[in-house]
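In what follows, chain A forms one complex with chain B and a second complex with chain C.
Now for the complex of A and B:
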């Protein structure tokens, strides 16, 4: 299976060879890339069930596969050996979990330089992400993808809520709705985020988020925090319509427009003469 | 209403001023029409009768609407009681509060709005609707009633002997003045027993006090603070305090961060206040005391969420934006024999916002 994928991949990064004859259609390279990626994605989608079993072993083939994907998609910024360039940091020691978070949430490959890498549709299949993660993890030891019991979300929601209020809520909002930071950066909302990505963000500290290593918040603590976030999403606000849980901004806007608007309407009705 | 019309003709309004001035001079020879200096009082516009005055069918309809509103109010009030019983709050399931509050609120809203809207509609549509003018009465009382009032005071003085029995009068005045004194003494005791200035100048931090995690209170080893980390810190022992725990936490809360050593630009005088890139700063904003904890690990900016003050952790937390007047106070730290982070001393300046006695 992996051999078949390699053939597609080796086709993709060969734009120079298409110029040779000079009479191909200008979109030939793009078309070739699209065909190659679609075929790769399709093949992986078919193979996912068997591929996940193989990734745990982090076999040499998988690492090799990840290296090729890295060279084709990441190396222009992070360097051929992930040593880092002016455009991107080194990934030596970043670990599999950082790759899983950054690529798995669609932040990498980065759409454009800016204050913050924006979320966009995920560009790779999970099997491809796992391959790249295995390659980065092979460079130097780093945080690994946690076992399922730490991202199950079956912990103590009350303890998780306390930890969240102390460590996370100042940026991410007490209900995980997100909030603004300095100079155009922001803390994203946490609704609908995969637990493994919440865990990954805490451990690796992506972009401007501080690191909350296992020595600060234990894996059990992290599971409690995930439990709390899932609880908040699954249970509607006790106080009724939460207006995005944004606090005084949305609530103030609502009451100024609709509350005062209703009062103005009632005042006009009170003083108007009946028909 | 009539007075308002009169004052409008008194010459104050801009439109009438020109006409008045012309009238003071001799009439222009070519103008044959004699002009009045006043607009005639237009009086009231003809009274427009309401549909309920003209059409008995509409009147009947309004009556039904009003009674329907009052009936809706009754239903709402009864519904509120029924909802309170049918949707009880289960202490173990907070989501039950939602239904309970919603239906109770709908019921009470119908109960109150039904009465209010019905009453207003009644007065507007059915009650006697003729326009009338009520002249304003003078505020001053009649001479007769004023004289009578003075007379009553005189009689009361003569009968009670208020001016004659001066001992009684003076002791009464003294007694009335004395009654609020116990309240002053009681309310004075609400102030801090100790000197508040001294309380503001010192926190729980002291030489050798370990830095501990909030909220568990477990001490932190320097080796546990990886680069890019942010720890929310309380002094060891705070979690076990029996009294004034929140007051102490409000002063002693600290944010512990580790930066790459080469990115840390330290004041030479405070160079030994950090440990291998680990720095500890007060979490209490120097503007008005909000907790400053929005730490960006790449830019090393700390943002206060209340008024957007920004501090640069790499540059001894100097203010780079916003209303804060001073850098966040730094807690001098080091490690003890067992590798735990400890404070070298208390903060060397008062934490938090300015206060009157604070030396700047």
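Now for the complex of A and C:
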């Protein structure tokens, strides 16, 4: 592109006076802008392609880095070669997306054995997580981090809501408030969860969650579900404070404690004897 | 009085103003045609004693009025039709979803109709408050013994009102035809189908088809807006008439006896107070409805028999039934050799709940039979002065509360980081053993409080003033109560266990023995009220 424009410019042999007039031409500024924009745009495109080339080139380095991080932080439970031990499952075939979900939400490394890994502050930078993910992905093929178009949250919210009610709500509650599972396990609330982690959970089935493969829910379906969850997060309840979206339990507690409590207070006030 | 004030006063008496003349003429006009003055005179001079716990029934009454007003608004816009339509309203995550007209119109009330969502929330919050206030009112009546003769019938009518309130609440909960209401109906359907022999027939009769069918919502609508409210209003009417006929109970105090009622007359003070209280109740409900979401039906989506959301619960007043179903141990169901299924996992809770409700309804008659007390009682008892009744009440509350808590077992498990099995087992224990523990502790606490009252009545209370006697001994000075305070502590009835006596055929029947046994259980442990003699001797 740049070369073509340059040739176009050099291929205009005009006298100096006309050239000067050309520099003063009313459209000169615009032309210059166009040239500038095209030049920077082209340079950017070139630079980014080089960058991509670099990542693939530096991939081995990244995998190496990930391997070191894995050995230092994960291997005590998952084994030096991610073959798994009594304390943790094998990660061969777990894929980059599983690593991104488990480490990216702070669930891994686990603080303690328990019914299930708990959310906690994330222990690594995204670059470190990517390195570990690359290392695990290098062991064997597994689910990869999805392209942006599947986690954009720009799908059909109504379809997503319907899919959510049918596939997810029995554990996560219709409004994504979470719910109880057996033996002290639970389905976490979904407010504020990053779209890539929602996608990752559906694909990799972490903890007690089932896997929703692409045959079960297509990537577009998953994007619709993400769209619905984002809608619920971004649009607070129109009826006022939602009391945790827990349904009739919190409503019942509220009316007994605050509704009836307030009115009993009023009855005491109304029948109080003046001193 | 000064003489200057007399002329205007007399002129006002002789020549009333135009307004006064009109009022006089109008009231006379009405009275000559309706004899309303008799009613006004009787009602206006009706006395109501003042105690905060006597106003709980009013809370229930006023929230019912709020329910009627907001419910009328909702009927203008709600359409119970089960015709399938595609949602076209403004809530994005439902657009294009097929649903019943009933759910669509409930969503339209929430999103399209001005003030509709507020009215829906007022209606629902007021319904929760209505049943809660009834519950608290019933507890007050129970623990003060205000159900005793002559008020047994009014207790039963109040109980029926409680049942009607639950029925109204449940039919209303089912109307929007969202996922939550459909799940609730499914449980009711399951309970009906568990009834031996007739269950499946009753279910088909009610639903008009295999569950869910399309008949149930319009049928529930008719019940919800016509039959049940009509019965409720009639029962409230009888409840109020009996309240006036029986007169109100009062707590013992100097000048308050079993034969009088001390308090404020209805007109004008009490009526003004009660009218103001209505607006306070209304205001509290509207405030709650303005700031707190209730039943966000748009989250649940249209009813579809396949999904069930986590945290699916009935409204609080049906919770005890839901909890009973959660607590019953598994594997109780079997198929008999004839091929009939016996769903004991549902039947036992169903029968258990009916027995519990029957026990609540019939308790006044039971207690009257056990005590053999045929006197009228107009003095509200302090709970401690009837230890066994109070303990029975505490046991009943524990039983109910354990079932009630079980309805939220999943929420308890997630929010307190417990295992749901642990929660269920703990609540099973609380349901079965808890009432006995509660009974024992409550009875002991009541007796101890009575003993303390007796002690204070006889010896006064500790003044905190320590005095050294000339001999070097330290004593704390006890101060005597004044007569008003002492009255409260010493005026209560003393009961004794009934003697077994042969009847006129000279026989001792089994029921006599049972009755004597129960009577002993009621009154074996008791603290005698302080007598006049004891008080006199204490003074010297």
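In the analysis below, the second predicted complex is superposed on the first by the 204 of 275 C-alpha atoms of A that agree within 3 Å, B and C clash if a C-alpha of one lies under 4 Å from a C-alpha of the other, contacts with A are read in each partner's own complex, and residues count from 1 in each chain.
The definition used in the following text is that a residue touches a chain if its C-beta (ideal position, glycine included) is under 8 Å from a C-beta of that chain, and two chains touch if they have at least 3 such contacts.
Treat the numbers as computed from the prediction; the structure is a model and nothing was measured.
A.B. asks: Aligned on chain A, chain B and chain C: do they clash or fit?
C.D. replies: Aligned on chain A, chain C clashes with chain B.
A.B. asks: Touching A:213, do we find chain B (first), chain C (second), both, or neither?
C.D. replies: The first partner, chain B, only.
A.B. asks: Let me test your reading of the model: by the given contact rule, A:262 touches which partner, first (chain B), second (chain C), both or neither?
C.D. replies: second
A.B. asks: Go through the superposed model and pick first if A:254 touches only chain B, second if only chain C, both, or neither.
C.D. replies: The answer is second: A:254 touches chain C but not chain B.
A.B. asks: Of chain B and chain C, which one contacts the greater number of residues in chain A?
C.D. replies: After superposing on chain A, more of chain A is contacted by C.
A.B. asks: Which holds for A:205: it touches chain B only (first), chain C only (second), both, or neither?
C.D. replies: First partner only.
A.B. asks: Quick check on the superposed pair: does A:179 touch chain B, chain C, both, or neither? Answer first, second, both or neither.
C.D. replies: In the superposed model, A:179 contacts both chain B and chain C.
A.B. asks: Determine, under the contact definition given at the top, whether A:240 touches first (chain B), second (chain C), both, or neither.
C.D. replies: The answer is both, since A:240 touches chain B and chain C.
A.B. asks: With the two complexes superposed on chain A, say which partner A:161 touches: chain B (first), chain C (second), both, or neither.
C.D. replies: After superposing on A, A:161 lies in contact with chain C but is clear of chain B.
A.B. asks: With the two structures laid over each other on chain A, which partner does A:270 touch: chain B (first), chain C (second), both, or neither?
C.D. replies: A:270 sits against chain B and chain C alike.
A.B. asks: On chain A, what residues does chain B touch that chain C touches as well?
C.D. replies: Of chain A, residues 162, 166, 170-171, 179, 181-183, 187, 237-240, 270 contact chain B in one complex and chain C in the other.
A.B. asks: Under the touch definition given earlier, write down the residues of chain B that touch chain A in their complex.
C.D. replies: 48, 50-52, 94-95, 97-98, 101-102, 120, 124-125, 129, 213-215, 221, 223-232, 257, 291, 293-299, 301, 303, 305, 310, 321
A.B. asks: Quick check on the complex: what are the chain A residues that touch chain C?
C.D. replies: Spelled out, the residues of chain A in touch with chain C are 115, 157-158, 160-162, 165-166, 169-175, 177-184, 186-187, 228, 231-232, 237-243, 245-256, 258-260, 262-264, 266-268, 270-271.
A.B. asks: Show me the residue ranges of chain A that touch chain B in the complex, using the header's touch definition.
C.D. replies: Those in contact with chain B are residues 162-163, 166-167, 170-171, 179, 181-183, 185, 187, 205, 207-213, 215-216, 235-240, 269-270, 273-275.
A.B. asks: Per the contact definition, I'd like the list of chain C residues that touch chain A in the complex.
C.D. replies: So the residues of chain C touching chain A come out as 50-56, 59, 87, 92-97, 110-111, 117, 121, 125, 128-129, 132-133, 136, 179-180, 273, 277, 280-281, 284-285, 288-296, 298-301, 304, 306-316, 319, 407-411, 413-414, 417-422.
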